[in-house]
Amino acid sequence: MTADPYEAIDALGAAPLWRYYGNLFPPEPVTAAVPFLWRYDALRPYMLHFAEALSLQEAERRVLMLVNPGLKEPPATVDNLYAGIQIILPGETAQAHRHSANAFRFIIEGEGAYTTVNGERVHMHPGDFLLTPGWHWHDHSHEGQGPMMWLDGLDYPLVNKMEAAFFELLGERLQTPTVPDDQSQRLFIHGRLTPRWLHRIGAASPIGNYPWAETEKAFEAIGDSVPGSPVDGIVLEYTNPWTGGPVMPTMSCRISRLRPGFSGQPFRHTASTIFHVVRGHGITRVNGVDLHWGPHDVFAVPGWSVYRHENLATDEDAVLFHYSDEPAQQALGLYRVDDRPFR
Amino acid sequence: MTADPYEAIDALGAAPLWRYYGNLFPPEPVTAAVPFLWRYDALRPYMLHFAEALSLQEAERRVLMLVNPGLKEPPATVDNLYAGIQIILPGETAQAHRHSANAFRFIIEGEGAYTTVNGERVHMHPGDFLLTPGWHWHDHSHEGQGPMMWLDGLDYPLVNKMEAAFFELLGERLQTPTVPDDQSQRLFIHGRLTPRWLHRIGAASPIGNYPWAETEKAFEAIGDSVPGSPVDGIVLEYTNPWTGGPVMPTMSCRISRLRPGFSGQPFRHTASTIFHVVRGHGITRVNGVDLHWGPHDVFAVPGWSVYRHENLATDEDAVLFHYSDEPAQQALGLYRVDDRPFR
Amino acid sequence: MTADPYEAIDALGAAPLWRYYGNLFPPEPVTAAVPFLWRYDALRPYMLHFAEALSLQEAERRVLMLVNPGLKEPPATVDNLYAGIQIILPGETAQAHRHSANAFRFIIEGEGAYTTVNGERVHMHPGDFLLTPGWHWHDHSHEGQGPMMWLDGLDYPLVNKMEAAFFELLGERLQTPTVPDDQSQRLFIHGRLTPRWLHRIGAASPIGNYPWAETEKAFEAIGDSVPGSPVDGIVLEYTNPWTGGPVMPTMSCRISRLRPGFSGQPFRHTASTIFHVVRGHGITRVNGVDLHWGPHDVFAVPGWSVYRHENLATDEDAVLFHYSDEPAQQALGLYRVDDRPFR
Amino acid sequence: MTADPYEAIDALGAAPLWRYYGNLFPPEPVTAAVPFLWRYDALRPYMLHFAEALSLQEAERRVLMLVNPGLKEPPATVDNLYAGIQIILPGETAQAHRHSANAFRFIIEGEGAYTTVNGERVHMHPGDFLLTPGWHWHDHSHEGQGPMMWLDGLDYPLVNKMEAAFFELLGERLQTPTVPDDQSQRLFIHGRLTPRWLHRIGAASPIGNYPWAETEKAFEAIGDSVPGSPVDGIVLEYTNPWTGGPVMPTMSCRISRLRPGFSGQPFRHTASTIFHVVRGHGITRVNGVDLHWGPHDVFAVPGWSVYRHENLATDEDAVLFHYSDEPAQQALGLYRVDDRPFR
C-alpha cells in the first residue's frame, strides 16, 4: 500500500465516489443555462452588416448563434438545443451538406428563398415551419428581393453529447431537384388525409413545410371555443403524419396562441424550451426573472425552471413558436413534470 | 366398441377431422360473397317511399341494408363489413343509442342534419365523412329542408362474428350537447397540428367529421404532380391524428381520385372492400365480372378477388370512397397481398 | 313503385334494417356455443381404434375434432377456436403441409415423436407446449414406442371467418431438417436471455417447444408466496421473447395452477376459452352448468359466460392449460371484461 | 454600428456560427474518451483498504469509480455510462436512497449480502445481475462472511447531461421489506412464462435478479450448436419480460461467451460500451490499442471505436458482461453501425 491510497487509485484510473457524491447525484436537475432573451431589433442590424461583410462562400452558413450566457463552451441555447438566426441575400446560395443533427427553420421575414431538402425545393414564407431531419441533404437559394431571415433550430448539442455527430458535404454546391417543388406539403398538408401509395421512411415527418397559412387557419378554426392549456394557451403541436407524434424524434415543435390578457399558470418540467415570438408583446417570468418580449425575439427557458407566460396586450393575441427536448426525455424515461402547486 | 365408431364419437361430441379436411383448410380463401353493385338511382325512390311510409319512431333507423346476394344470413355487404343507405326527413330525430360496432357515415345528399356523438353535434354536408366509433352514443336530427341521405358503414358482421356485440339505448331520445357544435373538426382538421392540452382516449380518431372541403382541397393540392397508386390512383386514407393510422381499429377508410381515362392495374388482397361512387362513371372488373358504376352507386369487392378500376370518362375525374377490413386482418397477422403478376 | 316495396328492394339487393335490428345489434354477445366437456377416458378408446383402422396416408392427420354441440357447421370448439386430439403410432409419419391458421400442440401422452417445423425437429414430451405458427411448414414423425397423443389447438375458425385461409402441401412427405434438433428451445428457453445475433421474423414466437420441465419449475419457484389471480390461480402466459406478448397474434396460451381447495371468483369476459386438464380433478361452473373434470379432459367456456373454477382435491394441485382469442379481440378493440360484481 | 461587430453581438448573447462550424459539426463522432482497462487485481487491495479505513456511515456508498482518463470532469467511464466497484463488509448497511439514474449491479465476489429494492430483498451471488431502475428505493445489507464486491453500472452521465437528475434519501436507513425475499426472480425467471395477474409498471424490467445459474444454463443449452455473432460470440441480452426489450430504457446489458480461440471480426457502432470480464483471458483491440484482460477486469470501448475481441485460451471459454447506451441512441434515432468492411 502506498503512502497515499487516493494517489494510488488515481494512478489506476479510479476515484472515490464518496468525494463526488453530491455533485453527481443532485437533489434536482442543475443546469448552467440561464433564462435569457435575444432581442430581434438589436440583432437585426448585425445580421444585415454581416450579410454585406461576409460572403456565403466564406461562411457556408451566415448565422448568428444565440448562445446562452451559461452555455458558452460548447455553445448552446438551452441544454440540448440550439437556436440561430440565419440571413441570405438575393442571388446567394448556401452549400449543400447533411448532418446527423436534426434541424428546422421558422421563417421570420422575406420572400423568394427556398431550401432544397433531399431533392425537393421547399419555398419559404414568413411563419412557415420547414424541416431538415437528420442526414437529409439541404442547401439554400434565394431568388427573391431583399434579405431573407429565419430562425434555425437544431439538436446538435444533444447529438454531440450523444457522440453521434456525422457531417458530410455534397460534391456539388447545390442539389438537382428530383421531385416537383413543394411536393411533400401538397401531399400531406390537408385534413388528416395520408397518401397510401407512399410508405414511411425513417423516423421523421416527410413534410418539408408546414405553411403559416395552415397555422393561422387552425387558430381561427379553434377560436375561443375551448379554454386550451392554462399554461400554454391554445398550444398546437406540428406532427408527423405517419405516427401522430413529434416531427423529429428529439424535438417537440409547437405553436401557442395566448389570448388578449392571457395570464398563464406557472409550470415546470424537465424539458428545456426555446421560444420565438411570432407576434405580440408579453412577459414570461422564468424562475423569478421577467423576460419582456416582442415580435421575433427569442428566449430560453432552461429545464426545471418555473415559467409563466403573460400577454400584455388586452386587444391582441400573442403567438409563440417553441421547441423543446421533451420527446428525447420521454424516449429515455426521464421526462418529469412538477405536479406540486406553485404559490 | 359400438358397432359404428363414427356414431359413437359423435355422441361424445367428437368428429373425424379427416372427413372435413379440405373444407376447413382450403388452398385459398373461400367466400360466399359475390361481386355486386347497388344502383343508387334504383334504390332512391324506395328510400323516399319508406321515408313517407315508415316513421322513425317505428324504425329507430330508416336504412336500406345493401345485402350481398351471397351473404344473406346473417346479412352483410362483404364478409366483415356492412353498408346501408339511411334517410331522414326534416323535423325527424333518431333515437340515441350506442353499440360496440364501429360506424361511420359518408354523406350523399341533403343539408341541415346533424348527428350528435358523445355530446358533440356534428353537421353533415355532401361528401363529409363522419365517425361514430364503437360504444359512442349517437342520435340524429334533421333541421334542414328536403330529405337527407347518407351511406352508413359498419363492422357489425365482424363484431358479431367475434362475439363482442353490445348495444344500449339511452334513457332519453336525444343527447344534450356538452361541447360546442363541430368542435372536434375545428380542433383537429388543419395542417397536421394537434392540440396538446388534449389526450388520446380510446382506439379511434377523436374527429367527428372529415369535411368534403378538405378532401377536395387535398385532391387539388396533389393534382397531377405524382402518379399515385397504379391500382387505386390518388388514394388517400382518413387518419387518426393520435396515431397516423386508420380512423378505427377494424376499418380502413379511403378516398381515391381516378384521373380521366385511368385504367388501373389488376390487384388482389385478402381484405374485403366496399366502394361508394362520389362522382364519375366507370367500370370495376372483379374476378371477370364488370361492374358499371355511376354517381352514388355502391359496389362490393370480396376479399381475394382480382379487381381493376377504369374511369370511363376521358375528361372527368372519378372519385371513389372505399373502406375495407385491412386493419383487422393486419392486426391479426392475416393480411396478404397477391404479389404474382396478373396477365 | 311496385305493389310490394319490400319485394322490390329485395330484387335490388337491399333489405330493411328495421326488420333485422335486434338480431344484428343484441344487447350482449349471443353465441350458439354451449359449455361442454369432452371426457378423455371416453374418447381414448376411439383414438386407439382409429389409429388401427385408418392409416395416416388416408387421413393426412388422424384427429378427433372436439365439436361444440352448438357449433357444428362449420365445426368449432368455441367461437373462434378449435381443439382436437391427435394420435400417431410408432413408425408413422404425417405429411408436411402449411396453412395460414396458427396451431399449437399440448402433449398428453407418449414419448419418441417429433414435429418438424420450418426445418427444425421439435421433440415432444408430456406437458410440452409446441408451436406451429401460421404458414410454417410442419410434419410429424414417431420413432418411439406406443401411441403418442396430444391436444391440437388452432384458430382456423377465426382465420376462415376472416377469409384469410391458405393451405399448401409440400412436394415431399417430410421436410429435410435444416438446423439442429430442438434448437429454438435451447436458444430461447432460459432466464429471459435473448440471443442478439438473431432478429425477429414475423409476428409469432420463434420457440418451437416450451417444455413441461420449465413449467413445473415455474410453479415450484412461485410456490405459495403470492396469491395469484382470484379467478385463475397461479396463471402464467407462454410469451413471445421478442415482444413479451402472446406466442401468436390470435391466441393467448396460459397455464394455471389451482391450489388444493382453490375456489375461484366468478368472472366473465368476451374471450372464448378452451381448457385442458393437465392434472387434478375439479368443477368449473359455466353459466350455471357444472362441468366435472379430470385428467386430460377438455372443456369449453364460451365468451361472455360466467365461469368459476374449483379444485375438488384438498391435498393436490389441479393444473389447467387454456387458450383463448383474447389477443384477437384486444387487437380489434373489442375485448371487454364484466367488472360488475357477481353474486 | 460599433467599431467591432463581433464584440457587439457578443454583448447581445450572439456568436458567429462560421467561426465554430467544424467543431460543432464534425465529420464523425469525436470523443474525449479513450480505450482503457482497469485491472481488478490492482484495484482490489485498495477496495479492501478503504473498506477498513472508511465507514459506510461516512461514505454512504463505498465505491471506486472507474474514471476514463479522457472523461475526468465530470467523471465517467464512457460518454454516457459509468462503472464502479463497490465493497461492503459483513454487518454493514448502506443508506436507502433513490435517484432518477438507472443502476444495476453485477456481482464479482462474496456471499450473504442483499439489496432491498422497492421493498424486495434481493440476494446476491457471484455472476448475478441485479437491477435498480430509476427512482426505485434501494439500500444494501451484508449478513454473510468476508467482503462482498460488485460492479455498479449507472447511466448518471447521460441522466445528468439530459438535465433530469433527481435524488432523494429515505427517512430511515433501511427499507422495511414488503414482499417475500427474491420474489420477482421467482415470478419471472423461468421458460418465458409471465404471471398474468400482474401488470407492467414503468419502463423497466420488474426482475430484481437475473441469477448466474440461469446464465450458465443458457450457455450450456446453446453450446456449440450455433455460430453466434462473428463480433461478439454467443451474445445474450438480459430482457424485460413485459416488452422483450432491454431491461432499462437507456442501457442494453448483455453477456457474451467467446469460445476457446475465438477471434472476432472488427466492428464499430456509435454506442459506447463497458466490458467486465466474468472469466477467461483475452485481448480486445480498440482503435489499434490492445487491452489485455483477465478475470474481473473492466475495460472501456468508446463509441465509434473499431474493436475486435480475442479469446487467448484455446481450451477455455472467456465470458464478458457488457453494457452500452445503444437503446438510448436507438430511441433518439441516432444509432449507427459502420457497415463498411474493415481490413
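By written order: A, B, C and D. Residues from 1 in each chain.
As a working rule, a residue touches a chain if its C-beta (ideal position, glycine included) is under 8 Å from a C-beta of that chain, and two chains touch if they have at least 3 such contacts.
Remember, it's a predicted structure, so these values are computed and weren't measured experimentally.
Colleague: Mind listing the chains that sit against subunit C and also against subunit D?
Modeller: In this structure, no chain contacts subunit D and also subunit C.
Colleague: Distance between subunit B and subunit D based on Cα centroids, please, to the nearest Å.
Modeller: About 52 Å separates the centre of subunit B from that of subunit D.
Colleague: Quick one: report the Å distance separating subunit A from subunit D, using the average Cα coordinate of each chain.
Modeller: So the centre of subunit A lies 32 Å away from the centre of subunit D.
Colleague: So, what's the distance in Å between the C-alpha centres of subunit B and subunit A?
Modeller: 41
Colleague: Spell out, as numbers or ranges, the residues of subunit A touching 2 or more other chains.
Modeller: none
Colleague: Could you run through all the chain pairs that touch each other?
Modeller: The set of touching chain pairs is A-B, A-D, B-C, C-D.
Colleague: Give the list of subunit C residues in touch with subunit B in this complex.
Modeller: Touching subunit B: residues 1, 5, 8-9, 12-18, 20-21, 23-31, 36, 38-39, 42-43, 45-46, 49-50, 53-54, 58-69, 74-75, 79-80, 84-85, 99-102, 134, 156, 158-168, 202-204, 248-250, 270, 272, 302-304, 325, 328-329, 331-336 of subunit C.
Colleague: In the complex formed with subunit C, which residues of subunit D make contact?
Modeller: Interface residues on subunit D, with respect to subunit C: 180, 183, 185-197, 205, 207, 210-211, 214-215, 217-218, 221-223, 225-226, 228-229, 232, 234-245, 254-255.
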